[in-house]
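Sharing a structure, written as structure tokens. Questions coming.
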Amino acid sequence: MTMLKINNLNVNYGRIHALKGISLEVEKGEIVSLIGANGAGKSTLLKTLSGLIRPKEGEIIYLDESIAGKPAQSIVKAGISQVPEGRRVFAEMSVEENIELGAFLRRDKAGIQQSFQKVYEVFPRLYERRKQMAGTLSGGEQQMLAMGRAIMARPKLLLLDEPSMGLAPLMVQTIFDIIKDINDEGTTILLVEQNAHMALSIASRGYVIETGKMILSGSAKELQESEEVKKAYLGG
Amino acid sequence: MSKEPLLQVENLGIQFGGLKAVSNVTMEINRGELVGLIGPNGAGKTTAFNMFTGVYVPTEGDIIFNHKRINGLAPYKVTRSGISRTFQNIRLFNELSVLDNVKVAYHSIVNHSVVSSILRLPPHFRGEREMEKKAMLFLEIFGLDKYKDEEARNLPYGKQRRLEIARALAAQPELLLLDEPAAGMNPQETIELMDLIAFVREKFNLTILLIEHDMNLVMGICERIYVLDHGVLIAEGLPEEIRNNPKVIEAYLGEEVQK
Amino acid sequence: MNRMEWLQQLINGISLGSIYALIALGYTMVYGIIKLINFAHGEVFMIGAFIGFYAIAGWGLSFFPALLLSMAVCAVIGVVIERIAYKRLRNATRIAALITAIGVSLLIQNGVIYFRGAQPEVYPSVLQNKSFNFLGAQVSSQSILILLVAIVLMIILQFIVHKTKIGKAMRAVSYDSDAARLMGINVDNTISATFAIGSSLAGAAGVVFGIYYTKIDPLMGVIPGLKAFVAAVLGGIGIIPGAMVGGLFLGVVEAIVSALGFSLWRDAVAFVILILILIFKPSGIFGKNSREKV
Amino acid sequence: GCGEKSSSDGDGESSSSSKDGGTIKIGLNLELTGAVASYGTSEADGIQLAVDEINEAGGIDGKKIELVKVDNKSEAAEATSGAVKLTTQDKVVAIIGAATSGATVAQAQIANDNETPLISPSGTSPTVTVNEDGSLNEYVFRTSFIDPFQGTVAANFAANELKVKKAAIYSDNSSDYSKGLAKSFKEYFESAGGKTVANESYVAKDSDFRSTLTRIKSANPEFIFIPGYYEEVGLIVKQAREMGIDVPLMGADGWDSPTLLDLAGVDALNNTFTVNHYSSEDPDGKIQDFKEKFKAKYNQSPNAFNALGYDTVYLLKDAIERAGEVDSKKIKEELEKTDGLELITGLYSVDENHHPIKSATILEFQDGEQVFKTKVDP
Amino acid sequence: MKNSKKFWAFVGLAVAIYAVVQLLIVTDIMNAYYLNTLIFISINIILAVSLHLVIGITGQFSLGHAGFLAVGAYISAIATMRLGLPFPVAIVLAGVIATFAGLIVGIPSLRLRGDYLAIATLGFAEIIRIVFLNIDYVGGAAGIQVSHFTTWTYAFICLFVTIVVIINFTNSRHGRACISIRENEIASDAMGINTTYYKVLAFAIGSFFAGVAGALFAHNFYIIQPVNFGFMKSIEILIFVVLGGLGSLSGAIIATILLTVVSTFLQSYSEMRMILYSIILILVMLYRPKGLMGTMEITDYFKMWGKSKGGDRHE
């Protein structure tokens, strides 16, 4: 079943044409990774999906419904959560409050409590630090928090924007393990990464984006073996 | 080159409120070396850089640079004494042109006075010409010369990182501190960056200390590595030694990277 | 001065300071959440005072209905100002929004002067004012009322901002509005709510001010607005108990300077103390002295 | 810039254009916005009432008065440019304004240079008409008293009628009017053997005076002189009485407004005195007539500013009529000769310094009524 | 002015403007009213440009510029009216003493940031005003009367010097250092720039010219009183700078001319005046939130035109 289908998406920042006719599909239950150089437009795509940016042109169909141009809160409500680039935790709120805000649109008290349990199970570190101000966490901890926050919304589709950026190697592994776990529990994932090795190793399919255009797509294996990808993104 | 220490750090420590972010760190960097500083997130690496550059004042210990004690010195004085840095989160002068970003760093190398500038006396023109020439030179080395009139914030991310390094070099340091220069770059870009670092090191006769989480880069170019964890040094040595140090594997590298 | 006089002056200062605090609470709330120096806050305060006046003198309402009416109307006015004048400037520089706020403030002042003239109006007395003796000093019942109102509002505000869902949304928006959107928070509505609460507090302060001091006029918001700004900064921007303390502090300093016979220099001394405090506590009394993390 | 060229041959040049149209152009340069907008707008109301009356009655010698208003924003710089505009662009016959001394001084030189009479309804500082070096601003006049006169009258009353020995002064530090009065009161009161036991001040727009009043109270004065405007005075009187200060209080024409009574309350105002131009409770037909007309037009009772604005128009009208033609220079000469003109605010003559010679009235508040106490001739 | 050719073009233009106005005055085409407005505009431009250096270039949010205007006005008035010094001496003296005031204010308060700095500078300006209010030598609340010495020539010379000095300062390594502080103080510090020195320097230069403007102001409006230099005056100057575009000198000048003309024109709309003024202010900010010119200078438009013709824009 197709969860997300993007057709000919165009996005502008003023005069800058950041996305030029992007098309992409995500099946339910998949991990799809999106790789591309700096400034290719990966974050722009995710922001557009989340409703932070209005597209200029094009279709975004999520579960048979068009969500292009809808306000962010109704997209979150429909089940799309994002872990934004650079974590963006609420620095002067406690870890607990940050997690709580993830469930902002939910009203089921008991369910929220359950999700809390789950987040703390996945990230025991966050439980230890639940009273600490989020801004004083280390980079990796903040990344966990950002993911925990997104899990609280019980998303059907989770958008991850460079979750490994700035993390220590050990932490990168941990984060990728967690992504796999979250996926195993039924959440569909669209993963944006610079770390193409890692990303393709857990994904089923991948897309390559360059200066706003989709230039390549295929199964993770195909991409990993592609000369083009190797040369440009895998460092030889 | 003889083993002449350029930066000596003795029992360095700093405390934020109740938190001891760095404690009892002792390290020595010799002239001409390229040294790596690694460690888990929140280990205190950036904090150490901040102390070396005068942004934070250490609560204990000493920093000796070129045989002079520099702890507590204002950042601009540290820079003038020969240490220059880049930042983990890029800090360019966004609305200045690429060229002017570099000129700012060259500021303290020339010395025409305010009066000569206001009255447009010859020293002003001489000084400004020199700055222009030198700044262009740095831009050329970094392949940024064709962007010279662009506002810095309009550069793509990778170019911004390069510009930051170019700017740091324009301050004519003996010791260059790079804080995660490869963050946000893909493997291919990282390789290019490694070449660039090697090149400027040769050309400007630099000593370099760098923080990085990308092990390809660290293991690829660093001659020696220090490892910080929870504010204390847990290991020091050649890349090969560090790669196989169980403490480092446990705290930082994890199993898979070794392969 | 003897002990009794000191006490009297302290009481004078606290009653003056609680008015500043009352205005500063709403000020700092908006200030803290959207980092906008809302210069029009003093003018909303003025409008609140006038609404209360017309409600009491014109329609014969009693104190509480008039207070509620004034708060409600001011809340609406606050939201309207935000939607018309500030919303477009969310992503502009703060200083641009500041200039617009000054424009709004001038517009309201002069609009009111245009429609009803610049002459003052006298509040009808709707609340009994009794003076009684406290350790030899005189305390008026109304000044106690004001202090209590300020304290209660401070507690309510603190509760709203830190414990309720909307309060958490407000804080989230203040730290990172895009990230807040990703949590499903409706940023526009949250900001409107902030303005509604802040402005209704200004309205309440206006009515209370009118009753206590009896004189209201179209320019009455200027000085208290400025002092509230000072109090908010003094206490630490966006910190609600800070605004309270900042306001009281300012009032007490002014009273004591006057009491010592330097009434000519009152505002100057108040500013000297303000500057000294800022030099030693660069982010205000309650502000965390956190430098930007490098 | 503006004075260099115009003063040479001022033979009625400035008034010619206004003669043709059959109207008399009079400029208003008032504080219509800004910090003291309430004074300026009050005067504008009084002026408008007088002009309407005159025009309805057929104008001056058949010519209607046309008002040209400029707003000086309560700023000296704006007052200057307003005056330049009125004299050089609009070529008015005379200017009325400004309400405060500072904004009037800012226009004085321009009035002289352009030979256009300038009458300030309430610029009370002596320096409005007489410069610091003692020279006279030939074209500048005023309707109100000067500060020293009122201060002296009040001191005299306190020392000789109330027979108090220890007085306190509580003045508005931001107003030259208030400080002028305080200064002359102090000088005269002390020369009459009294003692000033407290000399305190507030700032316009303050609302809480309790701290300073506490201090004044502890100095135990027998009398407090409060030269200020009704907006603050009302609150001062109220708060003083609440604090148990029950000695006589006294002020000057700045107190004159129906709002004072509302602000302070009837009881608080008992045992207070004011120096004023006239008594608005005076049964005199002219005064009552003015009060009624004003009330009919503006739906409120007139205050001192309203009355002074109103009077200024009549002062000017009188001079124009006597001049026989609309010529600025002649009008100025006639203004100088004004003698015993009956105005709402009293019998008005002018001395060689262009200070008015007006008798002052001392009034006492008794249960909300202003009761005539004594009359003081200059 | 990067090279001397441009500089001389600027000088030529300035002299031409001066000569034309002077000619209009001599031939009586320009009457006293327009002349007065022109002088007022010049004074305001000096104020705006001097504040532009502090806020627009160095990025320090000062809400106390009127304080230095006051110092200049009072010092010059004392010099001419009390000490009998010639006007040009008074102008220089006003600038010098205002610079001292700037140093006294700047050194302690420039450690503060953002709104905290704004409040501190506002406080200092109020203190300065209250000091004058309480000094009888300068007339207290009544103020001092000042002779009218400000002529078009004086105003022009001061304006010219102000603009040249500030442009030359900005376009040098010193100005660049100031801009780098505005852009990122931490990085600026790390590049070897003594940020405190440059902040104080910019503040001192700004104060100097505010003082000069004060001298012209005092000797143009016949009287100065403490009320003329309140907090709203600082705001008024701030508005010029922001409306023009923070960081744009030509923007500050254009906005000052525009607002002064609008405000003068509205003078005869009396009660409606401030309403219209504030609506204009709001509308401009809403539709041009970066100010009329953004950070562009008027000369950039010419350059851009040249560039697009040459067609060598990379991308």
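Should a chain be cited, it is by its letter among A, B, C, D and E, assigned in written order, with residues numbered from 1 in that chain.
Heads up, the rule we're going with is that a contact is a pair of C-beta atoms (placed from the backbone, for glycine too) under 8 Å apart; a residue touches a chain by one contact, two chains touch by 3 or more.
The model shown is predicted, which means the values in this text are computed figures rather than measured ones.
A.B. asks: In how few steps can one go from chain A to chain D if every step must land on a touching chain?
C.D. replies: Minimal hop count between chain A and chain D: 2.
A.B. asks: In the chain contact graph, what is the shortest path length, in steps, from chain A to chain C?
C.D. replies: Contact-graph shortest path, chain A to chain C, evaluates to 1.
A.B. asks: Compared with chain B, which chain's mean CA position is the farthest off?
C.D. replies: D
A.B. asks: Comparing A-B against D-E, which pair counts more contacting C-beta pairs?
C.D. replies: D-E is joined by more C-beta pairs in contact.
A.B. asks: Measuring between mean CA coordinates, which chain is farthest from chain E?
C.D. replies: A
A.B. asks: Taking the mean of the C-alpha atoms as each chain's centre, how many Å separate chain C from chain D?
C.D. replies: 36
A.B. asks: What whole-Å value do you get for the distance between chain C and chain E if each is reduced to the mean of its CA atoms?
C.D. replies: 32
A.B. asks: Please work out the Cα centroid separation of chain B and chain E, and write it as a whole number of Å.
C.D. replies: Centre separation, chain B to chain E: 40 Å.
A.B. asks: Nearest whole angstrom, what separates the Cα centre of chain B from the Cα centre of chain D?
C.D. replies: That pair's centroid distance is 72 Å.
A.B. asks: Any chance you could list the residues of chain E touching two or more other chains?
C.D. replies: In chain E, residues 133-134, 186, 271, 273-274 touch at least two other chains, as defined above.
A.B. asks: What are the residues of chain B that contact at least two other chains?
C.D. replies: 55, 87
A.B. asks: If we count contacts the way the header does, which residues on chain E are in touch with chain C in the complex?
C.D. replies: Those in contact with chain C are residues 55, 61, 108-109, 111-113, 115-116, 119-120, 123-124, 126-127, 130-131, 133-134, 186, 231, 235, 238-239, 242-243, 246, 271-275, 277-279, 281-282, 285-286, 289-291.
A.B. asks: Could you pull out which chain E residues touch chain B in their complex?
C.D. replies: Per the touch definition, chain E meets chain B at residues 1, 4, 7, 165, 168-169, 172-177, 179-180, 183-184, 186-195, 201, 247, 295, 314.
A.B. asks: Chain D touches which residues of chain C in the complex?
C.D. replies: Residues 1, 5, 8-9, 12-13, 15-16, 19, 110, 113, 117-120, 122, 129, 131, 138, 140, 209, 213-215, 217-220, 222-223, 254-256, 258-259, 261, 263-264, 266-267.
A.B. asks: Could you list, by residue number, the parts of chain D that touch chain C in their complex?
C.D. replies: The contact residues of chain D facing chain C are 33, 35, 37-38, 40-42, 173, 200-203, 205-208, 210-212, 214-215, 218, 231, 234-235, 238, 242-244, 259, 262-263, 300.
A.B. asks: Inside the complex, what are the residues of chain C that reach chain E?
C.D. replies: Touch residues, chain C against chain E: 37, 85, 88-89, 92-93, 95-100, 102-107, 109-111, 113-114, 226, 229-230, 233-234, 237, 264-265, 267-268, 271-272, 274-275, 278-279, 282-284, 292, 294.
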